[in-house]
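For reference, the structure discussed in these notes is given below.
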């Protein structure tokens, strides 16, 4: 049964599964010395337009916390949004892996501002105080909103002027690129982002994410960081091959475009239903809305989704690569029926 | 090209890949609440004959070090073999994750003895000295040899009498079970093993291992240990479904039996070749042998393998699920040719 | 030169130094097996009225973070005030030692409320979210204010009902006891506090703090936690002897009473000076006040102190055991002169 | 009662205690910004003859493990002797603080050799294997023996040629300098040592050790490493003042000379007693000897000491700054009596 629970409730995109089947021939060197890894790394280098360094890991938590380990030492801290996945959904993994401190900042529609970063920067050089060294932004945010290229660039410029690195949690980064009608090079490389968690799992892959160092100096020790963190896949070809396919013929763009279009369609269909209040700008593959509490149960029986805020009954409706026009229309129809009592 | 490099150079067993393809339908709850996880857990429970607790993780390093995290606190130490994977091939992951100390013991053919365990047990309760709390055995060992059920049981009995836990690094555990003509329940559950890293990747899976707590008390906090360690797979069904298939109709037995037989065949074919000296008892899917240094290069050009000891030129020839009679015969033939100069 | 910078700018109280001199005889067993340690532990047991477990460590950071290590595992989190020493003045030590997460709550006059604790308690049992396991309160707070016995008890009752522990950062705990006209047993033991960092250094000792487990179950592994954390003093007698003296004949009470009285005197003398605005209730050995920016430099040339808030020019004036009536009068006089411009 | 248990069973040297008393005046800035710290740091700089960087910490465990934290990252390992304090007497503190791995090497009379270092260096750059980055030597060793300046220099030269750092655990370093009739500059600075744990506690101080970075590049982040590790003393003057006194007028030399002379005297007096077998060269303030098991109890009733090896009854007799000629003579006399049955 399909629903709007999460873009990891869906399975594997047929083309990505096909790439696994095709990579399943003979023997291949393990731990990333295979030809599929080389190909995927080349595709990524082309996408980002320069000298980058790419490492595959198993999941998004790993991509984020190992990026943190590459950027900071234990006495450092990392600015992030108060509701960032890094802060509230990793069970304390950043603190555990990097030994560091997170500095959660208040967010608006999921985004933090340059102003709040600047005003939170205190006690530089004071040995009693954990020293900031990095900023982590989620793009698109946990609310599906996106930072503009100008916003990313301004934060990077400021961060670098302070000696900080910038990390992007891009579990759904392709969706932001498509939403902003930009490209990876312009949006990330040229803005000065240092390291990106490039998401695969939530975009139709079976598993696997790429840690992409746009600032390759940061990658110096990453082979050891990854191995010691139990994130070195042995049969890497089965992550690399889907990544290569994802980047070929703009499959990434096609999937993200599809998801964005259906999210906008969903917003259009339900936005005017009495009782439904869209709460966040729809800028990627998700719609957030408050609905009457009594609608939740009957609606979830038809289509699974998460209640994001148990107090306000703000709900999250997530589009996947395999969500169809019919799914969206059926969901809107179910809401319409509920609204008519 | 196929070789004898490692059982993770091979790809995915056709039946296991098929199980992934079949699990790729519709949406499924993420993080292990899916029906495939339930099925695989039930099959494991049946295999081990009792109340166990199973958790899927991405790879063998994780299975081993998270087992360690479940058994010990940072001021504890873990007995293991001096050449165990845990000690020499995890880039310090046990120390990093569990904060603990490893106590490597001298090994013979890869095995440690109850006697050396007993004699290494010093300074109990001395606050200056890291306190032993667990024993980790690799079964089969890194040299392919196996502990008998009696040996496992004796070590477990002693360990428990001292208040220690016993962990088995079972990256290739099925091979030991077949080699010993025993079963999981007799060999592990009834011997008193507390936790097992049940390997999948080296037995034909795409990825994924199971941490099997035969002592379910140890599993109490493992959901949090796993998540904080970045080892909670989101699309768990794609690890669970192959595991279920692996356990169905004794596929595990078939694969291990095949590998063992070909290893024995290889031993038989090359053991008498002048210049080849078999160095370890062949008890699972691997043959270790010393060959003349000058043979290494020409032989590796035909069949990749690892030189295990750069000083003695002891080599490791590993059989995979997809190794064929012809591969083994061809390899023996190549050795014969070399031996004739 | 004396000032109002901190109660660790002062040296060693004469009676406490004398106790060190007197303990400097012959040889004594190291690492806490000496008679002074026994005596100090007995005095503490008497003070707290029950079965407690006491461990000496070097400093306050250690007392706090090792208490944390005793209470939580890495996937746990600890509630504390947003401006607690634990959160902002330990350079990330709690995250580093315990691997855990801090959950800073908004504070009023340095205190957090039971209401904010209750409303911050979310996602119990959710493996993606760090699980709260402890509350840490600073008593007196970083602003010198005190929690009443009723407030402590209510927080303990709630915490225990949720399965949480309660820690008190008592770097200046004696000042709170005197301010509240209560005793250690009533205020802490009977309220249900689990573990206390009992401060010595800021109360006239040369160095050393006691970690007092009122809940002795928590102390089970503490000898190892302490040693592994590099906090086991070898010549423990020189921490223990001063602690014993501090507790004898109520020296602790005398010092705290003196400090409290002078803080109140300072408040009385400066509270009405035009331009001086007392910002926090004076409930222990410190006065917080906003003064005009231009007064800061000339005033600090006579008496050192810290500007607590660089934006509002809220200043902290801290009383030590050796602050005199004349010091306070001289300081007030200097302020009066400045106010007359 | 005095004995031969340890040089931390003795108390505080009168001159060092006097320096504490004299430093106990007025207020002083905390955390190392005081005049005593400046003076001690200057004296150390003079002693080592160059640009060094010094940090005071509470104890020897801290000096050693924080030196480790400055030298390595978690995926690194440190060579040390199999019986080094670092390896067997810190309850796993190096692994806990630095997250790294220790590589214990076999020792002879407590010393490791350049040859064993060289032959243990394997798998450079292999991501599966923890990468060596430092060598830690104890000088004098746990057996009281000393490395010659040439030995230290040869190990440093080799280490640096491999990109490794060299740390000296110098809990009793002054004793080695006196024993070798050398000086700190020649023996340590000019040999190329990178960082030294300069012991105070075991040489008559109340507490406190100095971490001396002869390679000041290593000190870059040490203020944060120290603070986060709970090792920043607030009233630093009470560690710094004794250190300054210890270095003035060669008090360090006087104490070490006294201890060495009495150790040699003890060796001379007991070496020929039938039943006593000196087991280690006497090169600093300790004598190791095997005695008949039945002598242990009566001898320890008169003079406390440790049985070092419970199997061979090798005993350790440690000289302190306050050990007298009479103590040594009395002890030898007691042994003589025992030998006569």
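Note that the chains are named A, B, C and D in the order they appear, and that numbering of residues resets to 1 at the start of each chain.
Basically, contacts are C-beta pairs under 8 Å (C-beta built on N, C-alpha and C of every residue); 3 or more make two chains touch, one makes a residue touch a chain.
What you see is a predicted model, and the numbers here were worked out from it, not measured in a lab.
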With contacts counted as defined, which of the two, C-D or B-C, has more C-beta pairs across the interface?
C-D
Farthest-lying chain, centroid of Cα atoms versus that of chain B
C
How would the chain A/chain D interface be labelled, same or different, where same requires over half of its residue numbers to be shared?
same
Measuring from the mean C-alpha position of chain C to the mean C-alpha position of chain D, what distance in angstrom results?
34
Between chain B and chain C, centroid-to-centroid distance (C-alpha), Å
51
Please list all residues of chain A that touch 2 or more other chains.
74-75, 90-92, 96, 127-128, 130-131, 224, 227-228, 232
Which chain A residues qualify as touching chain B in the complex?
1-3, 5-6, 8-12, 17, 20-21, 23-30, 58-62, 65-66, 90-93, 96-97, 201, 206-207, 224, 227-235, 237-238, 304, 320
In their shared complex, chain C is touched by residues of chain B numbered 31, 73-75, 127-128, 130-131, 221, 223-228, 232
If you look only at chain C, which of its residues touch chain A in the complex?
74-77, 88-92, 95-96, 99-102, 127-131
